[in-house]
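When the chains are written out, they are named A, B, C, D and E in that same order, and each has its own residue count from 1.
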Amino acid sequence: MPAESLEVRRLSAGYGPTVVLEDVSFSVPAGARLSILGRNGMGKTTLLSSLMGLTRRYGGEILLGGRDVAGLKSCDRALRGLGLVPQTRDIFRSLTVEENLIAGLKDRPRSALEEAYEMFPRLRERRRNLGWQLSGGEQQMLSTARTILGRPSVLLLDEPLEGLAPVICEELMAAFVRLASGGEMTILLVEQRIESALDFADSVLILERGRIVWQGTSEALRSDERLVEQYIGVGTVH
Amino acid sequence: MQTVFSIAIDAFAYGMALFIICIGLSLTMGLMRVVNLAHGAFAMIAGYIASYAQRELGAGYAAALLLAILGTVAVSIPLERFLYRRIYGSPQLTQVLMTIGITFCVIGITNFFFGPTLKTIALPASLSTPVDLGFRAVAGHRLFVMACGLVVAAGLWFLIERTAFGIRLRATVDNAGMADALGVRTQAVYAVSFAIAMGLAALGGVVGAEFLPIEPYYALRYMVTFLVVVSVGGAGSIPGALLACLVLGAIDTTGRYLMPDFGNFFFYAAVIAIVCVFPRGFLGRAQ
Amino acid sequence: ADTVKVGIIGPFSGPFALQGKNFQAGVEAYMALNGKSVKGHEVEVIYRDLPAANPQQSRALAQELIVKDKVQYLGGVYFTPDAMAITPLLAQANTPLVIFNAATSAIMTQSPLVVRTSFTTAQTTTPLGKIAIERGIRKVITAVSDYGPGIDAEVAFKKAFEAAGGQVVESVRMPLSTNDFSPIMQRIRDSKADAVFAFLPSGPTTLGFVKAYNETGLKQAGIKFLAPGDLTQESDLPALGDGALGLLTTFHYAVSHDSPENKRFVEAASKAIGGAEQLSFPAVGAYDGMHVIYKMIEATDGKQDAKKAVDAVKGMAWTSPRGPVSIDPETRHVTENIYLREVAKDANGRLYNKEIQTFPNQKDPGLATQ
Amino acid sequence: MQPSSPSFASSPAASSEGRSRVRGHAASPRLAGTRAGSSLVRDAAGVAAIAAIGAAGYWLFPDNLALLTRVIAVALLALSLDLVVGYCGVATLGHATLFGAGAYAAGMACLRGVTEPMTLVLIGAAAGAAAGLVMGAVMLRAHGLAQLVLSIAIVQLAHEAANKASAFTGGSDGLAGFSPSPLFGTFAFDLWGRTAYLFGLALLVGVFVVLKFVVASPFGMLCRGIKEDPVRIRAMGAFVFPVLLKMFVISGAVAGTGGALAALSTQVVGLDSVSFELSANALVMLVLGGLGSLYGALVGTVVFMGFEHTVSAVNPFHWMTMVGALLIAVVLVAPGGLGGLAGRLRAAVRGAGGGRGRP
Amino acid sequence: MSDLFRVEGLSKSFGGLAVSRNVDLAMGAGERLALIGPNGAGKTTFVNLVTGQIRPSAGRVILGGEDVTGLGAVRRVRKGLVRTFQVTRLFSDMTPEEHVTLTVLRREGRAARILGRFRGDPAVSGEVEGILGTLGLLEVARRKVREIAYGQQRLLEIAIALALRPKVLLLDEPAAGVPSSETPRIEQALGHLPPSLAVLMIEHDMDLVFRFAKRVVVLAAGEIIFEGLPAQVAANEKVREAYLGNYAHARRVA
């Protein structure tokens, strides 16, 4: 599937009775790269999960390539082209690496697994191992590879670099950029390291307490020290 | 020597009968992670359907078996849709509560409609005549049960371990939310698996009726046996279930031959010993 | 004209629901045939369900019936421990208990206010000892379920059989939860006995046992099958099928018993239970139990006086559907005929227990020895 | 707001739902020390409520005291089960072993001349504790399903042993013929069962108070931790096995008390008191009421047994269907058990009060 | 020897995969060491071996001169060998306050007491408050762990470890998932540690590693391929190839 645009209108969502996201609106053109920033617990993960349909939605629309998917179940959203790499990785612990990948294949043939193994040679070595046996970083690779194998048109990445060795981080970020600029995917990235996030994205969105408090280009943010300080900069430590 | 052979044959037949009744439960418990205590209730429903079909509709054994499987699956579909779907992924004890409730209901209802008497499923001549094995005669249906058990074991193992459906099923159980997010139609996967499990329960109920006769209390009477066998095998493992059934069948049979007075001690002491050595059951899926 | 209430405790649901239904059928049949009132006192029956042996629950139910529902008579009770739990209440409650089934001899010694209209396992089993010898059986292996009644049966048979000159070569006690009996059959074969004496609770276990007896070829090998009549109770016969043909049992009652009293009873009871095929021995215990209770009501004129009621039925004799019976004035247990029966096919191809020999006026040997 | 937006209109009602907002949650930066006090007050109120309801039962159902006594005995079993299942996460379908140990010990002691009720209860508790020690030592070797199977095997073995040892236990005919002497020399265990009920109620309240202290102690919290993640507990430097074993012993004492009460009040001990059925029933009652609060055990027992008694009196032949329907309904309406339902309702009421009116 | 903590010839393999090959490592009191290496190099396994979660096939673990290889995980913790988990292991139904209180009580040997209440000891709650405050967790101290953000859960992992007052602390990726704005909290918490405490930190965040560590050990495929000062690491060709790549900051340090 080629990249598609994503537009979110007045989305409110949360868990059970707790509202976390309020009135979130933004849009990402097809093939664009968006970074989502914000301090701990501000709702970044909640936002991505809501797009995927894994949280409770109280209102709002999610337009994928112009069509509202907010009423769909998450598997239908996935089949329409949304793909999520969750922060908690959510490896299928009792499945082998290869089976994990197959679960993400959707309808593609098994030969497509090669793509994943090329991206992460480490996974090829461990492909008969069960999910729970993998090291933290290997789980992260598996989670990312599994989602990418499904060829999503909009890829949602929740801290995909966590626990990865620097050398792999670099390669991976480069791969993400390639996927986006090749017109294969639109990418939304949540990333704690501001440098990496800004390097990666065209535009940036900052969340605070479940609301968007700033939207703009990476350059704008980079040039505004005060902004960074205010929203994501080093917090005061008691 | 002849006695040893004879006991071995009995043990094997009993083990396979257990297997064919329990394997559906191993599927629900190990793979779908639903402690379906109502498994026996579905086997019992199948038994009633088969017996009814024979008596009232004059169906033959094969037709009755087929009707029983279809009928049981048909009964299970709405139950899956409206009840079981609510407890996938719930804590095990909640599942216990719900499935015991279902068992009670099924028992009450069958008692009401079919009365409390034993129900029999007449075997065709080909299965009821003893087959001479040289050193002794074995009832034909025992051989039939063995064959059925082996076929089911092989088929199911292939389905679960080798097909994409099997992988999707296991992924769904492992983490339904994530499987959903990867585009797996988890509800359909669950529904189909449940139907398969219930079909197996039905098959086991009818084919195993010569060992565990059909009556309204069936569902509760054998619940413990089913639970023990499945867990000793390691829930969700087909070879494990097969192994457990054969081992426990053998222990039970020899125990009852050698020391009938202490048959139960034998059986449960063996269970304790096995579980202490294999805390996950013989071939339990590692966590 | 007051209403006299009778509380009946029995297994109306659960694994023994069939036996409980037979209680109900017996009671209803009696009331249908003899009216719902005695001397102008309306008789009202209250049923309480006790699905399995559970003395605590039994006591709670009895207490509620006595204290809350104000019953003047207690009846029913399928299992021995349940009866044991009720007996301590009777004197204080001034209430007699008429047992329709629970078949252990010792219950009668617990309270002078207990009367029993069923049988004891020893009573139905003892004649088998002589019968076996008469039929040329010298060596027997016993196989009984490992619980109270089974052990009673084993002891009673062994005593009677050895007294008659036979030899019990081996005694096997099988756990109640046995599902597959083929190893037991192998053992029976290995024992080289002429016959097997068996006792199991009616229902699926019996079915499994008889099936295994046929399938493993013991029948063809000529090993005889002796048992008390619980094993071939009429409601199980269709399930046992042709494999049951020729089994020899002794019992106090067969549904096929040929007498006008029994015809009337079977007709009424079948109507109450909803089909003759479900009818079995607990029904007749209940039927006669109601007869005793009616007599008690008559004797006390509807007043609550347990001692007077029980005294009134001591020595009472009547013709039951099972044949002539009486209440032994000393033990308060029923004295009755025991019949030897063989499973046979009737004109319609249905299996039934055919009575072929009568042992008249049998008391409970179990109590006699105590 | 955009009332025209279709997805907005179809989404769950945005205003009426009771829910709190993240922002409203900002706790005070310092931890206030009032919590311990308030939970003590809450527990005292709970105990008072139990005693009051028990007394009310005495006045309202004076004719059903034997049943109510039975409820209390089973409630003690459910309480003891809650200790291991609800607080330690050890699933067991064999807890009647401990109940039966208490019942048989009390019955046998009584038959051999120890007839003082308090002493008999203590004997029952001690026997239950001893059985708990053995059972715990075996069961705690395994986890999950295997553990469940061990518990089943143990109760079946105990059942079989009780059946075999008929010289001591009376086998399947039951242990009968013993009679405890009157309580404090004056109150006899009679037909009306007043003594038995009030004695049982006193025991229940006493046990409940003790257990509330147990679960509120550091030990209780440690057990909760083990329930959630034993690996974590080990990494904190605490041993898991002895802690769980300790809880098993306590639980055994409670179950044994229940068994002794049952034996005293019925004066018969049957094989059913060491059966799988009783164990499973107790578990069903506990889950019905809700795990891990002790109150749930009581609520579940009363509701289940009360319901069962009522429907089986109304229709002795087909009441099982109704009980089944009750269980299903509870799972659908209150998956966390009836006790949890009460909590949820309370939270919903409070939430609705505080969370209404989005800015 | 004056080493507080020493590992000799530690080896372990899973099936055919050797994840620890004859690893030797020593730490003195007060040492601040970073253990880095590619994914799957065996760092977490090393911690598991050292703390006794899994048994080594060969080698010894020595703490304060005493061989603890034969001891179980629990006894090692009691002797002061404490770890955090890479993937958080917390009690989802309990609050951070309860976590830390339980830990403190455990440390004082009071956790298995049936007599006495869990809350209410002012000395304990004061300490708990202090620890939670250091890590900025007071705000969520009374919310169930399942409801707090992942990053906060990571901080709670560290809080628990600190509450145990360890002698040797093994931190498995303490900063993973913690935003860069919050890492100072961790650093600060680590900075407040008693100076005698030896800390080994596994981390992929090189900024943190270089700020924190006085010595760096690089593990690759179960073997130590480098050991030295932070300044030397980035200069090492092998390390660069296996692990660092063109890590910008590393170049800056170098």
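FYI, a contact is a pair of C-beta atoms (placed from the backbone, for glycine too) under 8 Å apart; a residue touches a chain by one contact, two chains touch by 3 or more.
For reference, the UniProt names are A, E = ATP-binding cassette domain-containing protein; B, D = Branched-chain amino acid ABC transporter permease.
Since the model is a prediction, treat every value here as computed from it, not as a measurement.
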Common touching chains of subunit E and subunit C: D
Chain located farthest away, centre of subunit E as origin (C-alpha): C
Chain pair, C-D or A-B, that carries the greater number of C-beta contacts: C-D
Most remote chain, CA-based centroid, reference being subunit A: C
Centroid distance [mean C-alpha coordinates] between subunit C and subunit A, Å: 74
Inter-centroid spacing, subunit D versus subunit B (mean Cα positions, whole Å): 32
Length of the line joining the C-alpha centres of subunit D and subunit E, rounded to whole Å: 41
Subunit A and subunit E, separation of their C-alpha mean positions in angstrom: 28
Shared interface positions of subunit D, touching two or more other chains: 160, 317-320
Overlap residues in subunit A, where contacts from two or more other chains coincide: 18
For subunit C, residues that touch 2 or more chains besides their own: 13-14, 17, 21, 146, 175
Complex interface listing, subunit C residues touching subunit B: 13-15, 17-18, 21, 143, 146, 172-175, 177-180, 182-184, 186-187, 190, 203-204, 207-208, 211, 215-217, 235-236, 238-239, 241, 274-275, 277-278
Subunit C residues touching subunit D - in the complex, by the definition given at the top: 12-14, 17, 20-21, 47-49, 52-57, 59-64, 66-68, 80-82, 84-85, 88-89, 92-93, 104, 106, 110, 146-149, 151, 175
Residue ranges of subunit B touching subunit D (in the complex, touch as defined): 29, 83, 86-87, 90, 92-94, 96-98, 100-109, 111-112, 224, 227-228, 231-232, 235, 264-265, 268-269, 271-272, 275-276, 278-281, 284
For the subunit B and subunit C complex, residues of the former touching the latter: 3, 6-7, 10, 13-14, 17, 108, 111, 115-120, 130, 136-137, 139, 210-213, 215-218, 220-222, 225, 252-254, 256-257, 260-261, 263-264
In the complex, subunit E residues that touch subunit D: 51, 53, 73-74, 77-78, 82-83, 85, 89-94, 97-98, 101-103, 105-107, 110-120, 122, 125, 128-129, 132, 138-143, 160, 164
